[in-house]
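Chains here go by letter, A, B and C, matching the order in which they are written, and residues are numbered from 1 within each.
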């Protein structure tokens, strides 16, 4: 995650506190600094906390998910196999009014009464008020939710579809958007401004309001239930054209002219002169494109109805409907869905964030 | 250079291949499906039998979330690219787009003999009297569910239900909740369809004799006022109508948080699997009416239909014939704890692996369904009235809208839709098939 | 030329070189076709050729649907095929815009349209204020000489990557009434459980908080770049004049950051107007209609009630509003010539 951190070696002996309190310039630690760090650390908790909580919860048993107050670490109640009961029973420590405590296994619980049994004396059922018992628990990271979810959900198929869609549409987007941006920024031709204006004016219309007519067009083209139906329509992003055009405007025309003098064709100028220079802007668009396509939901939902073509987001939704609110599986599925993009981000974090900031400001 | 070029083409071809569909057998049929419980598994078993008997036909089930089911189908039907078959609940929605099985089925009379005429009729476009477009995979009926164990713990006897009215049940449930420290006493699933069933015993009527709708009745007001009272007194989980999420209501019952839930036969399998032996529960007969009301549950069900425009009508008809057969439906109903929509099977009875008592209680409700309830369920305007009541009632409960305004708004939505449909019918006479 | 941060890294540079090498033969192939064309049409008209692929896809899959949608706005009927729809002129717009009293949405013929429009306006005001405020504070903090700046920058940006459905599921889990973590913190602090998604004010509050949470990282980066573009000499000069930190912020940073702030403001405004997926999954627009926003209204009109005409004409009204906002942004951009949007 912290590529930026690793640039500046911290002597291990100083530890985390020294690391956090030390300043770059080696100045005194002032009130403003304290405030800044307090804010940033609080911010880290707020920004990361929900996701960490989700991830922690995904390792819990359905019983642990339902309990209040919830524990941070995934704990589970120990179970014991008792003669005469098919499934293992949960173990509790029960405090009787006499002050005596015993470990009992619970058969069932309704309302305020739990029916329990002593594992040593399996025939004798003891009714206990639920306030008298506390579960015997230990911390376990269980993967049942994950294995269970993957069994019910063709994760690899959906993953493959998501990857295919994301990769191919990002390549196409980069190619056609950069071509268009090049054309719009480096040539004078009739209708150029009109084209640019029309593209720009659609920049802000959300896809959700043109779903039906767009679907109609896809149907005419014959791309319903085809991954092309989600790859191609999203490829001609107005944002990409706009972003790249603004960037290419900063490339001096003299470079192009000198290439022309050397006898390069316009096409060669595009891909050997301009494209390499537009690298940072292309990288940012690539990141955005990956993000948009990976997270795309409404449009694939409408276009794809065959389960072997579902992307992860559509699959996650179908799964949610099918399992109603079986949170244990939904949580595991959600973690699996956000894992790939998180890993990519963790690896490229520094380039993504600095790239967006610098390119965005051109 | 050449090698690189070759490599690039190879990559492109592989990428293209990934996107294209895999090898297809001679005939592939697509079946759009949704699940309330385990019916997807039960269907797969039937399909395996069918595919074994008919090699060369491959049936692929596409399961979608129920919430997206009709939306997705709607766009596909209108764009001219529907699946071959689908299981739906808004039966009249695609009338005119279904495949007429009477042309292709080896035994079309079996449908008219075995399935209720109203259901078959509800699939027909106006002016069509004879077409066979599908069959009910199950029949459903609304009814209340109670947590028996909580009643026992409270020491309150469960009445047999033949005399008990809604206010009496609610009072009992409230007592039970208090005695057992259960957070909530009653809940009703947040759907217009359940609200019909709750309000008709209070005297509500909706469909007039001429087919028009009147929403504002004393019964509607009494029923709505009752649900509002639950919220004011805090005896119902407030999340249910705030999020209008069905599952919130069902989870409350499954987790033993509510004593009485008004739901329907469609939850039997889910409850059976999810509650297990955590506590005892059962279906109770629909309550006796208040003065001026009628005792009834609301019928419903899912229908399997085939869509016209399929490339393989003969094979689709073969599959429909197989799935609608008494043998297939007997097996399917037993596994899913569904009430069959097959008249012969209702008569002969189904041997369910469990839940027999509850299913018998529900079966006994079927002959008691009122005309209003049938008229509502099979009206072509159901799809307007049902969500209109759901959303307007949720506004009333949230305190955004007075009941008066809600009634006016629902009525307006109905009138507009009916007027539009009639204008459209006048403008374009329905082609006779 | 700007410095290219992405290419400092040898790995990425190698990757780019490899990618270019791989597509090189394809591009050479394209050149074979394009050189004769260039001879025929001349250098300047090559612009058309470059714009063409993007324009075709754009025209067919974005512009054409928008024009169809425009047509739908003036028609009624059940079918989505344009030829089967009845032309009704501006009747849909009239229905949509008729109110007895424009200050009370309940008196409007389409009460939910006005309700959702009003909700959206309120949401936009709070969400944009929150986004601007928190991304400014975060950017200012990160602009200090803090250790681990890259790490914190990544932390604040991370939620931007998450899909709307995932964001909704995460928060739905956290905000649960009976055993959500927020309620358990409340109880631990001696409070009582709050049914967050049942109370109109609380659900509005959380919807805004989630909107800020999911998006502020992006604007933080833009503001941070704006801050870093302010020349250090200014601060040194201010220090010589004896300005305290507050004065530096108020009289130096803020005015110089104003251009970037405008961009952030307009971009977040446009995003906020389009709020939909996350809220739809989280609250379904409830309780009642407390979090019903305009896109959800349009979506439900079209898909639940099949009133495509009404849905389309509502989206026309929205398009006019969005167009005005876009123009505002363009003006702001023309003035500042900076900025970037997140919308695809």
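The rule is simple: a residue touches a chain if its C-beta (ideal position, glycine included) is under 8 Å from a C-beta of that chain, and two chains touch if they have at least 3 such contacts.
None of the values given here were measured: they were computed from a predicted structure.
**Q** In graph terms, nodes being chains and edges touches, is this line, ring, star, complete or other?
**A** Complete.
**Q** What chain pair shows the greatest number of contacts?
**A** Chains joined by the most C-beta contact pairs: A-C.
**Q** Counting in whole Å, what is the centre-to-centre distance of subunit B and subunit C, each centre being its mean C-alpha position?
**A** Once rounded, the distance between the two centres reads 37 Å.
**Q** From the C-alpha centre of subunit A to that of subunit C, how far is it in Å?
**A** 18
**Q** Considering subunit A alone, which of its residues make contact with at least two other chains?
**A** Counting only residues that touch two or more other chains, subunit A contributes 66, 212, 215-216, 218, 317, 320.
**Q** Could you list which residues of subunit C touch at least two other chains?
**A** As it turns out, subunit C has residues touching two or more other chains at 80-81, 178.
**Q** I need the residues of subunit B touching at least two other chains; which ones are they?
**A** 71, 75, 78-79
**Q** For subunit B, which residues count as touching subunit A in their complex?
**A** Going by the criterion above, the answer is residues 15, 18-19, 22, 30, 32, 34-35, 40, 60-68, 71-72, 75-76, 78-81, 83, 147, 149-150, 153, 180-182, 247-248, 250-251, 255-256, 270, 277-279.
**Q** Within the complex, which stretch of subunit A touches subunit B?
**A** Within the complex, subunit A touches subunit B at residues 66, 108-113, 160, 164, 168, 212, 215-216, 218-219, 224-228, 231, 301-302, 305-308, 317-318, 320-322, 324-325.
**Q** Applying the document's contact rule, which stretches of subunit B touch subunit C when the two form their complex?
**A** 1, 4-5, 7-8, 71, 74-75, 78-79, 238-239, 241-245, 257, 384, 387, 391, 394-401, 405, 409, 417, 420-421, 424, 427
**Q** For subunit C, which residues are in contact with subunit B within the complex?
**A** Within the complex, subunit C contacts subunit B at residues 21-26, 29, 76-81, 86, 106, 111, 177-178, 195, 197-198, 200, 203, 283-284, 286-290, 303-306.
**Q** Under the definition above, what is the set of subunit C residues touching subunit A in their complex?
**A** 1-7, 9, 12, 16, 20, 27, 30-31, 34-35, 38, 43-51, 53-55, 57-58, 60-66, 68-69, 72, 80-82, 137-138, 141-142, 144-166, 169-171, 173-174, 178-181, 183-184, 187-188, 213, 217-218, 221-222, 224-226, 228-229, 245, 260, 270, 274, 276-277, 295, 298-299, 302, 308, 311-312, 315, 318-319, 322-323, 325-326, 330, 338-344
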